[in-house]
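In the two assemblies presented below, chain A is common to both, partnered first by chain B and then by chain C.
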Partner chain A sequence: MKTEIPNWLQQKWWKYTALLLLFYVLLGGLIVPLGPGIEAVSPISFKQNTDATIIVHGYNTHFSTAGNTQVILKHAKKYFCVNDLMVKDENNLSFPFKFNPDSSDAGNTFDVIVNNNIDGTIALREAITFVRGEKEDSITATQACEPSVGSNLHTGFSFPYREILYESIRNTFYHVPMWFSMMLVLIISLVYSIKFLRTGNRVFDIVASESVIVALLCGVLGLTTGMIWANYTWGSPWPNDPKLNGAAVGVLIYVAYLILRGAIADGVKRARISAVYNIFAIVIYIMFIFIIPRITDSLHPGNGGNPAFSKYDLDSHLRLFFYPAVIGWVLLFCWMVSLRVRLKIIELKKEENE
Partner chain B sequence: MNKSTLIAAVFTALFSFSAQASGADDLMRSGLKYPVVVGVLLCIFGGIAVFMIMLERRISKLEK
Partner chain C sequence: MPAKSFLAQVFALIRKDVLVELRNKYVLGSVMLFSASTVMIIYFSLLYNNSLNVISAPIWSILFWMVVLFSAVNAVSNSFFRESETQLMNYYFLFSPLVYLSSKIIYNVVYTLALSLVGALIFFIVISNPVKLPFIFLSVMILGSLSYAILFTIMSAIAVKAKSNNTLVAVLGFPILIPMMIFITKVTSAALGSVEHMELAFKNLMLIGALDLMQITLAVILFPYIWRE
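Up next is the complex of A and B:
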């Protein structure tokens, strides 16, 4: 029986590259700060024609250092420039505001926009609601204006501040690469299953089955990181989402693969049946992960009509860590496959010698 | 240029990006808890890395 180990499993350079890449991602992903954003505005509602003092709470902002901080409120395609701005500290400012809507003003919410030369332009959509009342012609309301801002871009090196995600955006370096890795390791498994069916070489069956075990580890880690993220952003660790359910079914399909292997005593028969199962399994897996979530509503980006990672979610700073994370995790899991395969081959050789 | 020189050059460039990135005025990193969290995570990662390297060496020995 041929028991030569595939060449790529024994090379070392890509294994150490994986460690270096992951060290870079872990360290960089934790020390790069989140960009500036508006965390909250209070009060969240005020009555029409009353003097309201609005307080804006920023996150990682530079309201006092910047000096030229300006606040603009947007309502129904109209902009209202705030003049009497009181900057309390780097992250807090307040201003008086009075609003006297026309009958043509539809809706009852304001977007709050803050601009300065350090933070660029930051905004919180539908931050304030006003309660409609009687229109008064005599009051001095904040007037609509044509805003002009100095700079729209944040000057520092940071990750994008996204509503709902906030600091958890760093999970992009862990959750997403788990699924990339699972997919790649499953493709390796598929390739070696086909190779086994063509040649009957037992080593190919070992690579295919050990790849499935490592792919399952990726799947479990992907589900765990996803549940933690979902709990933080969507309010529940397992919302009724087709992608989540599909991923769980996908993982269970490969658990069934291992159970099938364990149920057949004869080595050659086990290898053949599991290789055929593996070919069908990946088709069903792709259907549950990539196709069904795209034809129904889903919370995940890129599914059910949701935009995938846009230039705002995955900006150039995030990409500097995201791509190395994907490469690093993929290589690390391939390394795990190589270790398991080599160990199995040693066991096989020992059995043959006995 | 051999492989190790190329890898070293790439990582020097990548680490210089992350070195530029640390923000002293960042809210999450203003306390002492955060460096401890980073330290613990780096220790865990270091442990996994050492374990993988040890396993690689042991299996290489067994193969020989």
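Up next is the complex of A and C:
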């Protein structure tokens, strides 16, 4: 029987590439700061026609360094420019505000917008609500204005600041590639199962089964990183999300595959029957993960009512790390498969010599 | 012996299965009793928790298909596990794998359908009969039984060759069943609802049909590899 190690397993360059890419992602992903954003505004609610002092808390902002910081409040498609800004430090500023709305304007919320030449334009939607009262003409309130702002763009290299996500956006480089790797390794396993059934070469069976073990590792890692992430962002570790459930079903199927392999003593028979189960399971599984997210809503980007992945969640700075991360992780898991395959081939040869 | 046609061979095998089933009536009886007592467990649990009348359409359909699921696993795996190794060896030499697979699938589909009909009957009598669209309910019974039967036929064949027991059939089959179960219970609860759900029900019925077709294709391609000694 031909038990040579497949050629691609022995080449070194792609293993070094994986290490290099992951090192770059690990380092760069942690060093690059988060972009500026408005973390909170207090008070979150005030009464109309009263003097309110509003404090804006920024995150990674440059209120005092920038010099030309201006604050604009937006309500019912009208802008209100704020005078008498008191910049306390880089991340905190306050201003007095008095509001006398037209009763015809709908809604009772303000978007808070801050602009300066370093941070660009940052905003917090529906940051303040006000309690409506009667309109009093005698009171001099802040008037609507036509704002003129400089550059909208933040200068400097940073990851985008997103509400809910905040610093945890860096998990994109670790959580998302697990899913990519799992799919790729499962496809490798499918291909080698088919190859085994066509040729009967047991090396192909070894590649298929070891790929499944590594895919399970990816699945478990993806679920764990996802659960920790979801707990801090969506508020629950298991938010009934179809993607999450897809991964969970995959883990169930492949644990069953390993149990099946354990149940058969004879090597050749084990290889053949588990290849059949693998092919049967993976086809149904792929249908499952492609159909289910499209018929139900998902919290994940790109499904249901959520904006698409590339449009909104991945800006150009994130991509500089995200794509290398995907390639790096995929190669690393392939390396794992190759190590396990080489070990099993040695065991097989030993078994045949005895 | 003159070579018989494909269909004649398939029917000979089905006839044999039916005869064996009728000869061991206690097996048939035990499978029926199995689903009857599962329904009674559900009934009493609901009754003494005062929720017999508040049970919603999705819960009704999930409970119903769970009952069918467990009786189907038992019935289908029985049809494989009762055959001795010598018998299997005989069939291996006498019939092509496709003949054997077709006979098992047809037999098991009819068996599972009968089980689900009996299950539905007991459900109607004991728990409630909320079916508003009988046509859709009947279609989902047929397509759903088809899914169950094909899947568990393949899984039983795998488990028999692994010289294991019917726990393995459940372990192998249940995770793969999840997508089908979702669509089946969706259509069933639509059949318990009103006419507005008609469109949704048809869409999901098509999906179940597509999954069934996929399963049959896979079974036909892959069964010879399981069958080979």
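Convention: the second predicted complex is superposed on the first by the 349 of 354 C-alpha atoms of A that agree within 3 Å, B and C clash if a C-alpha of one lies under 4 Å from a C-alpha of the other, contacts with A are read in each partner's own complex, and residues count from 1 in each chain.
Everything below uses one rule, namely that a residue touches a chain if its C-beta (ideal position, glycine included) is under 8 Å from a C-beta of that chain, and two chains touch if they have at least 3 such contacts.
Given the structure is predicted, the values throughout are model-derived calculations rather than measurements.
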Chain C versus chain B, contacts on chain A by residue: B
Which of chain B and chain C A:26 touches, first, second, both or neither: first
Partner chain in contact with A:275 - chain B first, chain C second, else both or neither: second
Touched partner set for A:260, first chain B, second chain C, both or neither: second
Partner chain in contact with A:191 - chain B first, chain C second, else both or neither: neither
First (chain B), second (chain C), both or neither touched by A:291: second
Chain A-touching residues of chain C, taken from the complex the two chains share: 154, 158, 161-164, 168, 171-172, 174-176, 178-179, 182, 207, 211, 214-215, 218-219, 222, 225-226, 228
Interface residues, chain B side, partner chain A - complex: 3, 7, 11, 14-15, 17-18, 20-23, 25-29, 37-38, 41-42, 45, 49, 52-53, 55-56, 59, 62-63
Interface residues, chain A side, partner chain C - complex: 197, 249, 252-253, 256, 259-260, 263-264, 269, 272-273, 275-277, 279-281, 283-285, 287-288, 291-292
Touching residues (chain side chain A, partner chain B) in the complex: 5, 12-13, 15-17, 19-20, 22-24, 26-28, 30-34, 59-60, 62, 90-91, 156-158, 167, 317, 320, 324, 332, 335-336, 339, 342-343, 346
